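Labels run A, B, C and D following the written order; every chain starts at residue 1.
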Amino acid sequence: MTQQNIATPEHIEYVLRMGDNALILGQRLSEWCGHAPVLEEDMALANTALDLIGQARLLLTHAGKLEGQGRDEDQLAFLRVERDYRNVTLTELPNEDFGRTVVRNFLFAAFQVLLYQRLATSSDAELAAIAAKSLKEARYHLSHAGEWVIRLGDGTELSHARAQAALDYLWPYTAEFFAANPADDAVAAAGIGPAWASLEPEWEALVVPVLNEATLTVPARTPFRTYGKFGRHSEHMGHLLATMQYMQRTYPGAQW
Amino acid sequence: MTQQNIATPEHIEYVLRMGDNALILGQRLSEWCGHAPVLEEDMALANTALDLIGQARLLLTHAGKLEGQGRDEDQLAFLRVERDYRNVTLTELPNEDFGRTVVRNFLFAAFQVLLYQRLATSSDAELAAIAAKSLKEARYHLSHAGEWVIRLGDGTELSHARAQAALDYLWPYTAEFFAANPADDAVAAAGIGPAWASLEPEWEALVVPVLNEATLTVPARTPFRTYGKFGRHSEHMGHLLATMQYMQRTYPGAQW
Amino acid sequence: ADYQAEFDAKIDAGGFIEAKDWMPEAYRKTLVRQISQHAHSEIVGMLPEGNWITRAPSLKRKAILLAKVQDEGGHGLYLYAAAETLGVSRDELYEALLDGRAKYSSIFNYPTLTWADIGVIGWLVDGAAIMNQIPLCKCSYGPYSRAMVRICKEESFHQRQGYDLLLQMMKGTPEQREMVQDAVNRWWWPSIMMFGPHDKDSQHSETSMRWGIKRISNDDLRQKFVDATVKQAEVLGITLPDPDLKWNEARGHYDFGAIDWEEFWSTVNGHGQCNVDRIAARRKAWEEGAWVREAALEHARKQAAREKVAA
Amino acid sequence: ADYQAEFDAKIDAGGFIEAKDWMPEAYRKTLVRQISQHAHSEIVGMLPEGNWITRAPSLKRKAILLAKVQDEGGHGLYLYAAAETLGVSRDELYEALLDGRAKYSSIFNYPTLTWADIGVIGWLVDGAAIMNQIPLCKCSYGPYSRAMVRICKEESFHQRQGYDLLLQMMKGTPEQREMVQDAVNRWWWPSIMMFGPHDKDSQHSETSMRWGIKRISNDDLRQKFVDATVKQAEVLGITLPDPDLKWNEARGHYDFGAIDWEEFWSTVNGHGQCNVDRIAARRKAWEEGAWVREAALEHARKQAAREKVAA
């Protein structure tokens, strides 16, 4: 890592955001294990969770190196306080039913695909490599979740209603994908990664046709805003962390 | 406390069991807050939880004094590992629906009423005093939950089915109330409290008439056994502790 | 017209209107709206605090919080009862909350993110509520006024407990102090907004004043709250997140910065962080509890039938 | 009768029976029962391990556990597919599980209480499963035998990972070592019981042997398992909870204590700690997923109809 000693706080934060997105959504999806509507989806959800945890490991390890304070993936994953997590709020929301789960996976994977694509030209070579490796996974998640969005949206009356309700609920949270604070400009300027807002048109272009095919109504944008990526989370986050951090908090310093 | 320096491990364990029962059921009931079927029951469940947490404070404080190692109520409540909690498994089971919640409260309160009555003559004066103070609360919990058992059992077809299902599910866990290990004999011999098994006939005499009035079928005893009071819990306990201990584990040593 | 004159005279004399008294339809409507909104606020307000009961960091604090949330349920009950004296049923009112026709205090659409939020809600949110509610103890409608007397007493107890919680944390570790400051940063402005729009923009204020339902204006109450709170913040050792906050010798009050009314209205209109979740939680509890309420009714019917046979 | 002779000859020659081949009805029934029971065990077995995924203490271990549980789902799929070659549908088999007609391995009715249980399940439970399953790789029914080859490969990988997890914990703090010992104490006897009743009490064994479905007896497999495991326990540095366990020079095997068959049968017959919860969890997932399965079917119907119109 040549950047090790010259990484700016914004750079570290940018990588942490990606790592925490993967970590927290991976954690949520792993709750499904053994409880999905069909065995194939039990496996598919576990597989998506596994991919995301894998990405989180690479990204958090990289963030730890950039930070240069000796924190490894586990210290970052398990031993921060809530305010220091940088995932978008969408990823921490409870799974609720299978409909909300696949709609979320779809909306998020579309964002991740675009982000990972753009990171191919990142000035952070390690980040570019991680993104290249992860892009294939994100594409698979997108297509798998997209198929389910279509099946549910264009399925029965009930499944249509549930898919639409899930979309209505989740849509306002996606505004956060594209929100930035002034520090983020520095990241874009340094060529580390795209400005968040620049992804929005492509994201809509990726997402809307599938929602149309699913016969779902794309909700209008509202003033609703969330701030998980800036460290201000929802009430759900603390409960997720209580579970996720339990072992590390209870047995400090132990190796597993 | 005259017993302070002469308390046997069995004596401490006996008090811990009572304290942990109150603590863990109080914790479970507090999950209902804001989610009950009617406002009056929201308040009644919170009130029961409050009584139980109050009892837990007295009992755990007393256990800490008997132990003589300087552990206060909070250290005992929040900083033990799962294996060291001594509550009966019934108290840690998830709430599920209102039916399971009130049937559990009923079965447990009946046990508590009888135990607290007998403790009036405990050789441990402090324990006798706590029991005397708590008996009134337990009696109220018993009558309140009993009324609901009757309402649900002798209500609609649906409520009858749910109350019966709750009873069928919970009944096998009540065998643990009356189980003892050899160490418990010493407690009874020392006049600290009743032998657990000695409460069983009275408990059935208290519980069965209400179940009859509720038109519920009393399940047969089966070989099913649980061992929470000996420190071997169910899979539910770890999740409850992850939540309950979160703050104390995350901020070790802080005062609140 | 005679009735109206009698009513006006009673109001002017500072007397109480009782349930059995004649009252103008608009007065009744205003009261139903306000009392039920207040009741709903107590009920919805159980949720953000309830969120921390299972994680309370000591048994003493857990007990205090449980008792507090239980009190809020109790306040809801008194208030629904007061509203029922005006000829509407609790279930009717509650359904209006669940389907979004009725409002509740927007403050409860903010999330409780740390344990310090519990203290800050007690200190600032209950503090602001008390400011709003003390004048209501002299409100012209008797049943409402009497409910408020009882509620205010409990609320001020809650406020002291919240403040005490924060004092304890401020004596603690740097992390604890940081947590308090962070909570204050998030709750200060929403608390200030609890007094509603500026007097010049306030829709219902004038008639409410005339009817003796409202006794002090939004801006006056807000000023009173700010003045009282600044000193408490100093004792705590936290900074209120308003660079424009400073003593104005001439006015004899604290000046404070401009309120972000866009955020206020956005939250009132359903776009706050928790609007959807709060109502969803309440609706879920109501729907999942339907079978229990039906069972209770059916059992009562059966009992009544049996007693009739026995008689 | 000709068919029967041909079948017998093939079995005697150690050949494979395939789905299209004639087979005695009892042979088919036995296979359906055994394969589906095995498939159900994989599916139910996802639950006790799944219980710890969200609390896994490191990301590496979380990933390993996720992958493992996913593999178990995969094993379930291969096995249901093998059973389907015998003319029953997966949904039929699965419904028999959900309504209690079909059994699954009783080992999954024990709870996973600590993180060490995850390691011990890998080491002892998967270890015992492998002992049971290796002979099945040469089972007379082709589809079953081929599924088992694949499964055994993955299972032995899981076993090594479980053992590795324990090795790591045993290198750790005293609390970690205690946790491992505690888990071994709880899982040792149930693992031993996984080989089923003693040969003399085994209901189905004799015909299964004759048909080449079963190749080694319960007691022989159990002995093999004990012999292999004692050494691994020594390397780990834990004590197996059996005071009667000792090397018998004359037999060339380890002797071990009497098995508590009462507990075994009590658990098989529904009174283990988790029987009710396991099936309830599976039933809940199935029922709550019904609308999803219906939606997929309905969408497929719509698609087919559209394609027909287009064609």
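We take it that a residue touches a chain if its C-beta (ideal position, glycine included) is under 8 Å from a C-beta of that chain, and two chains touch if they have at least 3 such contacts.
Values in this document were obtained by computation on a predicted structure and should not be read as measured data.
The minimum number of touch steps linking chain C to chain D comes to 2. Both chain A and chain C are touched by B.
By number of C-beta pairs in contact, B-C leads when B-D and B-C are compared.
Chain centres here are C-alpha means, and the one lying farthest from chain B is A. As a whole-number value, the distance joining the C-alpha centres of chain A and chain B reads 42 Å. Chain D has its Cα centroid 35 Å from the Cα centroid of chain A. Contact of a single residue of chain A with at least two other chains is seen at positions 81, 238, 242-243, 246.
Counting partner chains per residue, chain D has residues 55, 175 touching two or more of them. Taken chain by chain, the contacts fit none of the simple shapes, being neither an open path, a ring, a star, nor a full set of pairwise contacts.
Annotation, chain-chain contacts: A-B, A-C, A-D, B-C, B-D (touch as defined at the top). Of all residues in chain C, those touching chain A in their complex are 48, 51, 55, 111-114, 175, 182, 186, 262, 266, 271-274, 276-277. The touching residues of chain A, when paired with chain B in their complex, are 81, 238-239, 241-243, 245-246, 249-250, 252.
For chain A in complex with chain D, the residues that touch the partner chain are 23, 27, 30-31, 33-43, 46-47, 49-50, 53-54, 56-57, 60, 73-74, 77-78, 97-99, 150-152, 154-156, 158-159, 162, 243-244, 246-248, 251, 253-256. Of all the residues in chain A, the ones that touch chain C in their complex are 81-83, 169, 172, 222-224, 226, 232-235, 237-238, 242.
If you check the complex, the residues on chain D that touch chain A are 43, 46-47, 50, 53-63, 66-67, 69-70, 73-74, 76-77, 80, 115, 165, 168-169, 171-173, 175-176, 281-282, 284-286, 288-296, 298-299, 302.
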